[in-house]
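Two complexes come next, and they have one chain in common, chain A, joined by chain B in the first and chain C in the second.
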Partner chain A sequence: MSAVAARRMTDKSLIVVPYRRVSISALATNGVLILLGSFFVLPLLWMLFASVDSNPDWAVKLPSLTLANFADVLDRPDAITSFRSSLILAGTTTVLTTVLALLAAYPLSRMHIPFRRSFMLAILFASGLPVSMLVVPVYQMYVYFGWLDSLYTTALFLAASSLPFAIWLMKNFIDAVPLELEHAAAIDGASTLRILRQVVLPLTVPGIAVTAIYTFINAWGAFIIPFVLTYSPENQPGPVEIYNFMGSHGLFKFGDLAVFSLLFSIPVIVLYLVMSRYFSGAFNFGGAVK
Partner chain B sequence: MLGPALALLGVLFVFPVLYACYLGFTNLALVGSRSRDYSFTGLENVGRMLGDYVFIKSSWLTILFVVGSAIVGQTVLGMALAILLRQAHFSIRAIVGSVVIVAWVLPEITVALIWYAFSQAGGTLSILLGHTDTNFLVVAPMLMVSLANLWRNVAFSMLVFSAGLRNLPTEVLEAAEVEGASVWRRYRLVIIPLLKPTIVTNLLLVTILNLSEFTLIYAMTQGGPGIETMTLPLYVYQEAFVFDQLGYGTAISLVLVLIGAVFSVLFVRASRTQV
Partner chain C sequence: MLSEVRFDGVYKIFGAETAVEDLNLTVNAGEFLVVVGPSGCGKTTTLRMLAGLERPSYGRITIGEKLVNNVSPRFRDVAMVFQSYALYPHMNVYDNLAFGLRAHGASGAVVDQRVKETADVLGLGHLLKRKPSELSGGQRQRVALGRALIRQPQVFLMDEPLSNLDAGLRVQMRAELSRLHQRFRVTTMYVTHDQVEAMTMGDRIAVMNTGRLQQVDAPETLYDSPANIFVAGFIGSPRMNFVPGRLATAQGKPAVEFLGVKAPLGAGARLTRDTDGGEVMVGIRPEDLVWRQVAPAEGTIAFPADVDVIEPMGHEAYVTAVCAGETVTSRFPPRSGVRTRERVELAFDPARLHLFDANLGDTILQRPVAGGAEAARSVREARMDESA
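== the complex of A and B ==
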């Protein structure tokens, strides 16, 4: 039986029987995926193996197991400081962005505001602007205000640059909360603030969680903004620290570098897993551009 | 309630955007006399760009990066992954799907580090290809940063296309199947045309997201060797903060915005004219 005939057979059998037998095309599909999968796994394996290897180099190889690299990194005060800086930076950015986005998204979703449509389009356009464009004027402003080299003022700009997308995301979540519930609460005499707190807020928790986690993941990985706006060693967040380590060959061992970037990556992977519980459906973009 | 958000956006977003549009036409410098007494110089920066070999090369590299790594690479591989994963064995689907997504969620600096390791002399790639003394960031720098970027960002297109495929009308697909169309014909004549809005949206988002890529390239190569990977975002940084030419650097960032606008208009127009 030729390959084509075999595939026709299995394709036809799909209609009558609910399962598919092993066919050449199924083997090919899975084979190609395994190849593609290894393209994604190989670079990752280096980080995992080197982190527990007593004598790592640039190549992926089976490690001679040790936990010394972890002990090394946890002993380095600069590594601990950069974790603290990242937490302050990403935490402040997230709280600020989420609160402001929620406050802005509610009226945009519910009230009659003049030019609302144009405003939402402007918001969408703004979230597509490159940070490279803002970095020079913001640097100039920070020099003028005397705001350079502070994690909190840096977080302020990170919040401003995350806000357009956060508002857009949050508005879509609030749009999905049925209006009838609010009408019912209003008829029962609840004030706007009370409706927001006791009706809308509980129903928007998944939206708030997604917005907050998304903002945190971005702020945790932000590089160029803290790179330009901060300079003291104690204010360098993780990404800038890793970049500095990469440039200082010999001063930082392969294994330690792998451990540090592994530890730095774990929080965002965990947060992504939490977020993906709420996230299904967020990628239904089809037809969004008309 | 809109107030606080508008205030923050006004001061640290809208104002900087307008300020950038002005600074791009000045000779502002980071240090020296031009850092205080800068002036409006009209189109002088534009003229300087046209005669700037690095700028021309940098624009070309940016377009190469966006077209190669994002428009072609991520769209094609993302769609291929979405299609293949639908038909794969469930265990392979779970494992490959998760690994691709992990690559996307990792902080960019981590991706830069592991791809830096991957492409070094003595790194995994050099061993696989049997050239252990070749540093691929020296031999093929643009290809390596494009691959690293494809590796990191393809999950986005994969998720967009998976959602697009899930939302296709099942009646049409079943009809094509009952009529006996081969898998290839079903994709070419039915599924891909139906996915067109998704493809356009994906192209638009992927272009805008990748055009301003800085961290990954900068951490892997700093734009080098020489200027071989100096895309526009890196050149903006170099002109502004290494060579202290804040005005000229800002002017270059405006060109970056312009390139993004041109691509967006092209995609939206293409989605309207063809059927």
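== the complex of A and C ==
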């Protein structure tokens, strides 16, 4: 065996053999990760435990089991109406945003529009602006138009504020649909409407799902805008209701608060589970080009 | 319903870039025309203009009697096979094939029948329920082909349809495409950068370079009488040898002097014009340049050269040799025993020489047509079949 060949073999064995050992840096990394993770897990644990605890307080502790908190919350009519309000608010916002984002993203993705790049950058910038900045002028505008205290007009503003990011998101999904598919369909004799309906739309489903979920979750958890733009109790969505739990009802009812928070997160989880099959796997461009 | 396709003075200009320049080209009805050229030569742009995906900057494009410059792709009655296949990934094979018919409002029964027929022709019958992602490259290629066939269009457009297949499959599909064309005789424009595809499949070949059409002819004509240095170098593998030479006379007849030898141009050969200072580029194909030992003594001329590289191909060998600073490739028999740096004698038949203007690059030699022009082979018969 030549010297070169011998060295190559040793080099190879050095590379191939995996060797794990506990090092200080690995310990440190994992330690930090556990610490960071606990910041996210602890509040969730508190929510779970407190919801079934007969005597909950600030601390995370093992509960003395009861379902009384659930009964308590389900007895409160304002808690139930806040669910209805949240559904109307988030649902309207999601439908509006998704439809508008799709209609805006398609031409932005496919057509030669002057200053398209600058426009997209402006959109990205707009999506980064904090909404609370706009609350005062928007409030004045709503007063002027007489739009205050309606879930649908509130949804209008929520939709407007989530639109920039939604357009950006959707455009990237449409960009991923190969243009050649549209050309092929056009040569096959399909009208523009048919191409959009039967080729582009089905392939954009993951993008629509992602945009819809993202928008829904944001609208579902929106606090400041509905807090400012609605006032009657029957129009208060969940997050504002949670605030009411904490403030205007005298003592903190930790158990009720935990139960309500728990119930309030269920729709988001369900939505995620239902939509997740559209995210990947079920739809991809495999076999489309090449 | 055979239709002729015509490009009349067509230009396509992208900004400062002229992709296609003054294209005048006719694809005869029922003809299989291959457009070939290096990448960026404008061949794909030409095809896309015919498909309606690009609009010509100037000029006229007609399909049959109809001017189609401003006709959108969907009303052109053409079908296209894309290099990437462009199958609809969310539809199964059946729906991919049916898409075009449905778009044209065909009834369910008609669609069903035609899909079955097309699938049978292409051997896709057992794959109708599969999605494109569950097909092999060759199968995808067939579906893409089927999607074009099923429509029974006036014109087929193919954009390098075989370039994503592996070598073996490519040869197989090449034959299959030729067979399909024999059977259906649809006017076809086929774009490729592969000269083998061009030579084997085309009734005629259009060679393009830098946006300009260089020559359109039947494969053999193109090979035997290239119009210029580009075509001569592009068609044929290994590439034609080019060496500088000078026009001369031998016994009062036109001759050319190069690599230290003087070669008469042969009986019937005629120079179309004189060149600047008599300078020419002499072209000689490697298969026309052989080892002295195996060349006939009569009528050949030989010159010495030093062997540089030997490439054995099995049934023959290509020997690259240097003579007077010029490198030439020649064809040797297998197992010739010739070695690198050995001095050999290379022989050629002067009747096989090509002469080009050294500056302008176009051919200046006209030879009597050998074997008769076989232009647009079998197209005429096809047309007669059609009318019968």
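Some observations on this one:
As a convention for this text, the second predicted complex is superposed on the first by the 225 of 290 C-alpha atoms of A that agree within 3 Å, B and C clash if a C-alpha of one lies under 4 Å from a C-alpha of the other, contacts with A are read in each partner's own complex, and residues count from 1 in each chain.
Definition applied: a residue touches a chain if its C-beta (ideal position, glycine included) is under 8 Å from a C-beta of that chain, and two chains touch if they have at least 3 such contacts.
Keep in mind it's a predicted model, so treat the numbers as computed, not measured.
By the touch criterion stated above, A:Leu74 is placed in contact with neither chain B nor chain C. Of the two partner chains placed around the shared chain by superposition, neither chain B nor chain C is touched by A:Leu121.
Counting the residues of chain A touched by each of chain B and chain C gives the higher count for B. Of the two partner chains placed by the overlay, neither chain B nor chain C lies in contact with A:Val274. In the superposition on chain A, A:Ala176 contacts neither chain B nor chain C. Legend: residue contacts after superposition of the two complexes on their common chain; A:Ala160 is shown touching chain B, with no touch to chain C. In the superposed pair of complexes, A:Ala26 makes contact with chain B only, with no contact to chain C. In the superposed model, A:Ala190 makes contact with chain C only, not with chain B.
Within chain A, the residues touched by chain B in the first complex and by chain C in the second are 283-289. Those residues of chain B lying in contact with chain A across their complex are 1-2, 4-6, 8-9, 11-13, 15-17, 19-20, 23, 28, 77, 81, 84-85, 87-89, 92-93, 95-96, 99-103, 105-110, 112-118, 120-124, 126-127, 151, 159-160, 162-164, 167, 177-178, 180, 182-183, 195, 197-198, 200-202, 204-205, 208, 211-212, 214-215, 218-219, 232-233, 236-237, 240-241, 246, 249-250, 253-254, 256-257, 260, 268, 271.
Listing the residues of chain C that touch chain A in their complex gives 51-53, 72-76, 78-80, 82, 84-90, 99-100, 103-104, 131-135, 140, 147, 151, 157, 164.
Against chain B, in their complex, chain A makes its touches with residues 4, 7-8, 11, 14-15, 25-26, 29-30, 32-34, 36-37, 39-44, 46-47, 50, 57-60, 96, 100-101, 103-104, 106-108, 113, 126, 128-141, 156-157, 159-161, 163-164, 167, 217, 220-221, 223-224, 228, 238-239, 242-243, 246, 254, 257, 261, 264-265, 268-269, 272, 281, 283-289. Put simply, chain A touches chain C in their complex at residues 178, 180-181, 183-191, 194, 198-199, 202-203, 283-290.
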